[in-house]
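In this document, chain identifiers A, B and C correspond to the written order of the chains, with residue numbering beginning at 1 in each.
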């Protein structure tokens, strides 16, 4: 359990944001409420607040992702922070410098926050364990482990449409096995106390121990969609399609692709979500992705406000440390 | 004709800036006058105005061009906007996401303006047709079609030196066939009502229908330069030199390279322009490029003010839409 | 001597910062004192001063260096300047544009300062000789010639710990031959009037004429370290290790690697410095790099304040020119 406490300061406030696991409902709701207030900022004419003026936020990407980097860069700039984009693969480590030396150098430059993306599970935790007290670490996706800001923007989108989490039945469809998004969503949904979380996908893409997370497993999409309030479709990574885990892209779509016809089995006011980018005609039919039930682009919009909330909360928990910084 | 109206809002104000074609003289003059006021900003000690503070401008480059990207980035920053540089080739589309999905995502993030560079003619129009009402699109060069901000900075430079367009004879020299710059310049010059536009170049680099644009065609440089007020030399793309369209670089320079000796056939107060980057000794002699008649670096300077003008005009036409944005 | 004067304006103030050579003690002390005042800025909660607001600083890197680029970018942003990062290898020159044309274009855009990194010695001088009067050039490392901002941050770190330069004995250890850092440090230390500068390294990595710079040469590390106040360990470039100049990495460490045991020969309050990035177990043992004598990360911290000082001094010497700019 100690592993999760690293995210909180001694007053229980958010210091790092690494995983949903181990955070309580009160804190998740605080994130959603704070994001609600930033949601207004991004819609107004001057989309900027001076909250993090003079702070330096480093996008430390060990795995390329223009899309995710862009959302964090926008969130940081709208908080008036200075942003440094560092593609680590292409820089220091190619000179043989160790990861820790790179980190120590950046924190010696008085950077305030590292937004970390890495293809190895646990990388953000490792970095959080080794940074100075004045640095916050935000996990922007680590291996198959977690993508907690994505999960929180999904929660924000669900709350906007459904108000209360308690009565909801929610289905997550696709490659659960390799999905850091699914893992974070499951933790968030169970912590927020939804009625039922279902995971739906072929046996080859389902983790062995998934029921231990408090979800119900379905291998039949039609059965799993019955009476759900929310369907979250996961992106099918191209490497899985080419691999031995799946028969064919076409067969996958036939069995697990979300179509209007299958969606009719869900509740009439069901909403459809997807973390993007979409593979049209693989995990989701274009008619559904662009249809009236889809809230996929709203997710993108809310992603900015939710990241602004998490960044500003993590930064403000350090405010009482400022005096100690050399 | 409908195709051009997409650039204007219902009050006839600039909403997108995609091509000079279809814009009237009054609007072009308004751009030049607005640029004149920004020209002062870029020369003062603090080169910044708060006009676009809190706006997000995305440089969406599907074709690499550090030079053009830099001018737009500088113009945006001097208007106090936040700038995102996105090299699309390297990002989302490599994950199989469609262009439209990339656009829809960026606009869901409440970006305000896309500056688009693409190697396919019509790309900026296509994008403008598909963006939300709160987004403006600026064409930073699309295939062989148009490069309208370049044409406007050329007009600005000409007006600075010649005051009135009406009496001017203007020669455009070089590869007219492949030049988006020439196409936009011809539209701008005829709209602004110059006396005569001449295009000069070898038959193999001249579009078949070019006279329909209202220009006079010359294949002999000396003949074409006689009594002109302005000579615009075009960059000869390296791929043309290696291709079958030209005998040799040396032969091209002999026939179409601008030298002091040939320039003597023009009016005594002729000015020499070039969109850059220059191939010295190919389309222009160094003595001319660096000589007293050259205004090539002034063009670069004016490029910032003209782009600030176009960006701020396009943004302000949307001001009355702000209330409608979610 | 004329070669150095290019760095100063007619009032003897810093206009460019290209090399330590030819700068007098008074000016170096002024840089250190100015950096001292900025040192407070980078430690406070809002790490930003409006000194260079509305100025445009271009990181013009002909040689990739994320680390050095990052320090200049941070320094510029904390002075509130706008920053353009241009990787020249990847841009204009690949279109065949000459270096001078690239420079002339950037200065036509009213950029105010070029931070230049180049793998050829003299590149920053060459550029400084060719820029307009309103542009300042800062050398961020040119070939084997100089890395003067690194040397000044080293001086700043030494002064923080030792107060007075006069009584100090300082050893620089490693590949003196190929090191622009060592060259700049030697000039700075002799100008600031330390008691003795020693250079320590194998014969194959020692310049022939090094004693002319006013240093003592040692080939035996133990002998050279005796009674020194400061040890500066240089990075051993990987290409040297693979080359014919050295027997083996292991052998190099045995002879010239800094260990706790060898460090015991220095004064008890010795400090250990390194310009980074570190090759652990090659030029320095991890126990020393991370030990109580190491001030390596302090160097990184001070690097921001020192670069802020140099940038703002160079910019303010131009203040009286502003009126003349078109």
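Things to note:
In the analysis below, a contact is a pair of C-beta atoms (placed from the backbone, for glycine too) under 8 Å apart; a residue touches a chain by one contact, two chains touch by 3 or more.
This is a predicted model, so every value here is computed, not measured.
Relative orientation of chain A and chain C, expressed as the C-alpha superposition rotation angle, is 120° to the nearest 5. By the residue-number overlap criterion, the interface of chain B with chain C counts as different, with under half of its numbers used by both chains. For the pair chain B and chain C, the distance between C-alpha centroids works out to 41 Å. The set of chain B residues that touch two or more partner chains is empty. Interface residues of chain B facing chain C in the complex, by the touch rule stated above, are 42-48, 64, 66-67, 70-71, 73-74, 77-78, 238, 276-280, 297-298, 300-301, 303-304.
Residues of chain C touching chain B in their complex: 53-56, 82, 84, 86-87, 90-92, 95-98, 101, 104-106, 108-111, 319, 322, 325-326.
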